[in-house]
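These are the structures, in structure tokens.
Next, two complexes with chain A in common: one pairs it with chain B, the other with chain C.
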Partner chain A sequence: MNSSGQSTHPSLREESLQHEDPMLLGPWEIGVHPPGLTYRIPAISLPYGSRVWLSGDNGAGKTVFLERVLLPRLAAMGRQVFLVAQDLLLQAHVMAAVLASRGQRAPRCLDDLVMAWCAPARPNSILLLDEADRHLSPRTIHQLLELPLAFVVAVSHQGRPCTTTHCFTICRHETLVHLEIGP
Partner chain B sequence: MPTSLPTLELDPTTLTVTPNLGNEILLFARNPEAVAVALHQWAQDFGLVLDLQRPLSTYSGGEQVLLVAGLWAILLQKHPQVIVDLRRAVSTLSATNRTRLHHALTQALPQATILLEEEQVQQGEPSSRGDLSP
Partner chain C sequence: MKGTAKLLLLSSLVVLYFGLGVVGPWYADVPFQGSIAALCVLLRLQTSGWRGLRTDLAFLLPFLCTLVAMGALLDAFAMANRTDWTEDALCKALVFPNSFWSIQLAVGALRLTDLVALPRGVRRFFILTHALVSKSRPLIERLWWLVCHDPSLQTGPWIIRSGRRLTVLLAAALIAVYHETEATVRVYDARMALLEENPS
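Here is the complex of A and B:
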């Protein structure tokens, strides 16, 4: 991931991906140090356009999963990934800088800023939302989930967003973390 | 709601003054050792392992809120009356931990007014929390 929250990707591999390919994840067994967690992720095939609600108790390892497990592997697969981080108020300054580098003026409203930052996303791009509903309006969350993207994962404690198609739960036992289907 | 009382707002973006809870206790507690023991017990009740020297920012967002709420619950026990405003913080918590935190705070601070419900944001209207204006 570069400093703006977007993953870099080899352009040749990007071109080889078909827009409507399913998203293939796992099987992975990945140690993340720190914080010393081992993720066991089964093989999962998700249809193109899937919207996944990811839940889990506090401290289960949802953010580490997004940032340290999922994002680097998606980037290695040649995917362009947009990560809206949990600390969005801090990331907003980076988003504004990215827009400035594109010659765009950064909106002052956080909702508009995130939408403008995500505007270059393509049909095979992926969006990861880490508790973005803490900072963004329900309408913006809905708009983000409705973007024509290959795959969206939304972490939320506010309940399942209505437009999601799948529910997964991150569960942690001691230092072992696994992904379960359903809340 | 009694509006003349002092209000403490727990904001997940500005949780503490110092980098870790150990320093926070040294700064604010009259009896640091007793507060540290009580906070360890609070953390254990929520299934958390507390390290007082660990930078608070390295805990998950929800864990940070639970631990700081615990510190407040301990420090405010002898405060006559206060409003504890958790409305901006509860969105970081799972449904289970919201219920558990509400219960734990009402037990620890029976004299306090505790605000837990998140403000309602109207669909289609700009959210004040989303405005970057100072």
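Here is the complex of A and C:
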């Protein structure tokens, strides 16, 4: 809602976001059903251009955090969010169809396809990479992290990409999931 | 009942419904379609409970509502000088869930052990079809989620946005199901070749 009490279209809200605004997350306590997890996210302010490495054990809830917690909230803030999902080989079909709907030819190489799909991203867009390094070359991951975007969050089990500026860890204790800053 | 007899009975029931209710004389027969819908709902409740039925309705209702809305829209513009668009859309809104449920219930009732007794050529076809039908629904649901969250498909009026999403879903689903079919055929043939080499 804007100051006059009228709802604002997401694209108008996005235009009102300054390119260099910091990203403010939390504090949130969000239940996600299924799989029945509760996420406790502290208040975090990330400067423009942050590159975040998100780590955590297998099954800790990183993918659920990206897809069911972070993505919907960023979209509600009016941000344009590009998610490169963990099942990228399936998402590639959507990417190819999207490129075709834009009148573009879809590259056969997966790395080129992802780069072409991300091409319309604007300086205030956000990129979420969910274990994209399982399918994409290190060079492409580096190129994605170097795109002129507001924020990039990358989940990786291959170690911390050298261009990341922050590191968050997802920790799960039974059904309660915390987001910790560090190590 | 199991094996070939079960397969024949289920196939006959599905073919009978399609023959009478989809391409046959009872397509627009509302009491017939309503009875089939009620029967399917009861069987679905019995096999998967309220949760399964809720999931089915969440999957079907957006499509059915769009179908009826399109019918009303075409009626409002008297497209092709027809005035029965809404009526036809309402018929389709009954026939589509019935077709969906009849196939889903038949496939759900079949077990792979029912298919292994079939003759070799037919067995391959039925096992591959069974595997693909079982995989298709979660595949399409995931594709729809990805389509709905694609940033390129977030803008524009609702009707244009929904149309673009459905087009992208259709194209992506066709490619995905094609790839899935190829992969399933490869795995099946490799496994059968291995079993024939080492029958023990």
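FYI, the second predicted complex is superposed on the first by the 173 of 183 C-alpha atoms of A that agree within 3 Å, B and C clash if a C-alpha of one lies under 4 Å from a C-alpha of the other, contacts with A are read in each partner's own complex, and residues count from 1 in each chain.
By definition in this document, contacts are C-beta pairs under 8 Å (C-beta built on N, C-alpha and C of every residue); 3 or more make two chains touch, one makes a residue touch a chain.
Quantities reported herein were computed from a predicted structural model and do not represent experimental measurements.
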Simultaneous placement of chain C and chain B on chain A, clash or fit: fit
Chain B versus chain C as contact partner of A:L110, first or second or both or neither: first
Contacts of A:L147 with chain B and chain C, given as first, second, both or neither: neither
First, second, both or neither for A:L83, with chain B first and chain C second: second
Touched partner set for A:I44, first chain B, second chain C, both or neither: neither
Which of chain B and chain C A:R102 touches, first, second, both or neither: second
Contacts of A:Q158 with chain B and chain C, given as first, second, both or neither: first
First (chain B), second (chain C), both or neither touched by A:C167: neither
Where chain B and chain C come nearest after superposition, their Cα distance in Å: 8
Set intersection of chain A contacts, chain C complex versus chain B complex: 87
Of all residues in chain C, those that touch chain A in their complex: 139, 142-143, 146-147, 149-155, 164, 167-169, 171-173, 175-176, 179
Chain B residues within the chain A interface of the complex: 12-13, 47-48, 58-63, 65-66, 91-97, 121, 123-127, 129-133
Touch list for chain A against partner chain C, complex: 10-11, 67, 71, 75, 80-83, 85, 87, 90-91, 93-94, 96-98, 100-102, 117, 120-121, 125
Residue ranges of chain A in contact with chain B within the complex: 34-35, 55-63, 86-87, 89, 92, 108-111, 113, 131, 133-140, 157-158
